[in-house]
Amino acid sequence: MTKPFDLLTTAIGKNILVRLKNGMEIRGTLEAYDPHLNLYIKDAEELVEGEVKKKLGAMLIRGDTVVYISP
Amino acid sequence: MTKPFDLLTTAIGKNILVRLKNGMEIRGTLEAYDPHLNLYIKDAEELVEGEVKKKLGAMLIRGDTVVYISP
Amino acid sequence: MTKPFDLLTTAIGKNILVRLKNGMEIRGTLEAYDPHLNLYIKDAEELVEGEVKKKLGAMLIRGDTVVYISP
Amino acid sequence: MTKPFDLLTTAIGKNILVRLKNGMEIRGTLEAYDPHLNLYIKDAEELVEGEVKKKLGAMLIRGDTVVYISP
Amino acid sequence: MTKPFDLLTTAIGKNILVRLKNGMEIRGTLEAYDPHLNLYIKDAEELVEGEVKKKLGAMLIRGDTVVYISP
Amino acid sequence: MTKPFDLLTTAIGKNILVRLKNGMEIRGTLEAYDPHLNLYIKDAEELVEGEVKKKLGAMLIRGDTVVYISP
Amino acid sequence: MTKPFDLLTTAIGKNILVRLKNGMEIRGTLEAYDPHLNLYIKDAEELVEGEVKKKLGAMLIRGDTVVYISP
């Protein structure tokens, strides 16, 4: 039976878009995740209106700040 | 006895509307859910005033950001 | 001894008003609830100032978004 | 030794004022409570500036939305 | 070794000031507290800018709404 | 191996600055802390823009309202 | 298998940028972290628009206020 986190399993090493509760959008490569939805992202960029605003490199996003993750 | 999550069981593979705490509305096909209300949605679209604003494809919505889910 | 959830037990199958933390009011028939206060509502309508704004059909409301429930 | 919930034990069947995190004030008769501070109120009224704005009848208030309860 | 709650133990029966997350200030006599920081206050008054705005009598303050308590 | 709370262990009896989620800044002597980051502060002062706004004496700060603590 | 916290393990003793839920940005040397994402930072500086606004020295950041950490 499919589970929600299956989507993340198949997204490892791929480009994802992460929407955060503070309104930020982060785009980058999903390196790792855990059951709290903490995310290790590589080559992360902050987007504003879909345009790159800031390059942030590697980052750890705290899971409880995530709204959605879209591969 | 009926339980709240029974509504989700019958909604798998069907179109649902998800209202989020940040005011966003997401429409798409429910692929999977878990007891935290984490949702795996396919063909997701962000709606504004009922109109499609952005096509988002597959996504994982964090359960604690959900207000309601309506099939 | 009476407990708070006794009010919900007697409200199954009846019309209820649900006030949410985001300010929304939902009216509909209580189909089921669980200890987290997750609610399965049928024939749900969103109210604004007591008037029906939108018909939403069946829905699952996440318990942690509830302020009060009034049968 | 006195405990905070002793105040509620003695308030059963009496009139209380409940202040909520969203700024609402509810006045009514305390019918029941539980350790989460979920409250079953009868003859509830919503107050604005101390005046009755709306009569709500019986209601279940979710404990985590309470600021204070005053008999 | 001193612990934070020692401050409350010595404040029982004394006048305290409580600052809440919604910006309210409550002054009154600490009657009881528990490990969640739920507070039973007697002769409580709501303060605005240090002046008494409203007399509230006895009250139970929900612990998670507290910012600080100062005897 | 160093742990985050080591910073607090060495700060007992010393002056600290505490930034709270509601934007307040408290300065005073750290008397005690616990694993929830509840803080017992002596000779506490509320700061606004680095200037003393109000003298608050001893206080217990609820841990979940803390942003950072700086000795 | 890589885990999100691996990023922090390799960042000990190095310069990191921490984005907080209240919008603050803190830059400094990561001295220690724990599973709650509590952070012990040395030579911390508060940034506004990427410029140093205030030097804060050593600090303990409460984990639940973190949005992301970027080495």
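In this document, chain identifiers A, B, C, D, E, F and G correspond to the written order of the chains, with residue numbering beginning at 1 in each.
Definition applied: contacts are C-beta pairs under 8 Å (C-beta built on N, C-alpha and C of every residue); 3 or more make two chains touch, one makes a residue touch a chain.
What you see is a predicted model, and the numbers here were worked out from it, not measured in a lab.
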Requested in this report: Going chain by chain, each one touching the next, work out the least steps from subunit A to subunit G.
Outcome: 1
**Report entry** Centroid spacing, where centroids are CA-atom means, of subunit B and subunit D in whole angstrom
**Finding:** 33
Report task. Please compute the C-alpha centroid of subunit B, do the same for subunit F, then give the distance between them in whole Å. Result -> 41
Report summary line: Among subunit E residues, those touching two or more other chains are 21, 64
Requested in this report: Report the order of chains around the ring; begin at subunit B and proceed in the direction of subunit C.
Outcome: B, C, D, E, F, G, A
Report task. Could you pull out which subunit G residues touch subunit A in their complex? Result -> 1-8, 17, 21, 23, 37, 63-64, 66-71
Query raised in the report: Can you list the residues on subunit A that touch subunit G in the complex?
Result: 20-22, 24, 26, 31-34, 38-40, 44, 56-62, 64-65
